[in-house]
Amino acid sequence: MENPDYIYPATIAFADTDASGWMHFPTIFRHIEAAEHACLKQRGVLVFDRAEGGWPRVNLNTDFRKPLLAGDVIEVQLRIAKLGASSMIWEFEVINAVGEVAISGSMTNVRVDATGKTQAISEQERKALS
Amino acid sequence: MENPDYIYPATIAFADTDASGWMHFPTIFRHIEAAEHACLKQRGVLVFDRAEGGWPRVNLNTDFRKPLLAGDVIEVQLRIAKLGASSMIWEFEVINAVGEVAISGSMTNVRVDATGKTQAISEQERKALS
Amino acid sequence: MENPDYIYPATIAFADTDASGWMHFPTIFRHIEAAEHACLKQRGVLVFDRAEGGWPRVNLNTDFRKPLLAGDVIEVQLRIAKLGASSMIWEFEVINAVGEVAISGSMTNVRVDATGKTQAISEQERKALS
Amino acid sequence: MENPDYIYPATIAFADTDASGWMHFPTIFRHIEAAEHACLKQRGVLVFDRAEGGWPRVNLNTDFRKPLLAGDVIEVQLRIAKLGASSMIWEFEVINAVGEVAISGSMTNVRVDATGKTQAISEQERKALS
């Protein structure tokens, strides 16, 4: 990914695997979400708060290109691809230890208040995310 | 979904939630995969075997439309949308207790042998899946 | 287990396994907790509520006696072994498809209010749990 | 813990929480297992291998003393408390960001071969673990 907004190093845990011997596919989202949250924190943007709401996903699109194993050192690369009125699109790539794109995709998150109702991204948030 | 190939009832567990109070988004794939495996078993098609291989995902595309809570009774509806030479596309809908489509999407799986190498879907498998 | 207070049938999912090929040990607690919650609901006792609190665990003691595989049909048997002033002890057994005790143990839960502070089990709760 | 054999830093992920707002209790075992595996690797001892076997748990005993939240920085401290003929006992403490013991306990693991049969801990393993 050219010019990622955030790079998050992680390791595939034994708990991330399944009986196939490889990583169980949904467990990668733990690492991608951890990267997303670290990026938001770094920019001073709310991750989640019971009183203030958060950013639930409305779409997730993922390509699984290379299998991963327990112990594999990965790098999650993130880019904020689009900021809408109340939504944002993250693009992500998971890079394996030999520099290949093992997994790539995007997710669309919507800013909601504490009740789950969509709300506009504030000017402060927009500035921090741009 | 019209004419689903399989209907799998399930319940969102407390273990499926996160601190937002709602279902943690990747945990739905546990239920979708359980539905997929039940459908394969019913048709006598291999789910996974160390000697025979399996069906890893190469693409996953999901829309999250309605939030789910612990205790929610759901129904996973599946349809085999396409059978390729070595891949298949599943479409899925997760129906909530009041009959709404809470989550929908598709996943593309590829038939691989025990070493992870792509192989053709056999005639027997094709017949069972059609 | 003689005279269980609740019997909960479940199936080990592929998502419950790890690269060893067998069930990943902590995933059994999902099924044990689901059994516990079903038992509480049946008796009309609070499971968890942001305003009312819940029953966090303070001790967990588990023996793993037989391995489990994806697809294994199990039965979680529960017994309320002790009711204290603000705590309760659950005993559990996980029975495999051939009737053996695959996993057994106990967990001690404490009744807390919404802020996490220990509170006395109410007379109504005590009656429902006895 | 005095004289731990291994110290493993980690962070509680949002994926580790449940609707109570706090960490979902079984998710701590992911971090404890990651610490255990890192300790084994450092000493050159097998973690798991399909041909060589591994170290499944036969007992787990855990006290949950302080709640943990998403984002909490923790330290898993491990000590090898006992080496038997074919089993070993790990003691663990999870230290929270203010230095308190949030969680403590022990687990007993048994050395098995690829078929799951108990085997003696080798002299090489014993030396590496002592």
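As written, the chains take the letters A, B, C and D, and residue 1 is the first residue of each chain.
In this section, contacts are C-beta pairs under 8 Å (C-beta built on N, C-alpha and C of every residue); 3 or more make two chains touch, one makes a residue touch a chain.
These figures come from a predicted structure and were not determined experimentally.
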Going only between touching chains, how few steps reach chain D from chain B? 1
The chain whose C-alpha centroid lies farthest from that of chain A is chain C
When contacts are scored as defined above, which chain pair ends up with more C-beta pairs, A-B or B-C? A-B
Mean-CA-position distance for chain B and chain A (Å): 22
Can you give the whole-Å distance between the Cα centres of chain B and chain C? 28
What are the residues of chain D that contact at least two other chains? 14-15, 19-22, 26, 29-30, 48, 50, 70
Any idea which chain A residues touch chain C in the complex? 14-15, 17-22, 24, 26, 50, 69-70
If you look only at chain A, which of its residues touch chain B in the complex? 19-22, 25-27, 29-30, 48, 50, 54, 56-65, 67, 105, 116
Which residues of chain D touch chain A once you look at their complex with the stated criterion? 11, 13-15, 21, 29-30, 33-34, 37, 41, 47-48, 50, 70-71
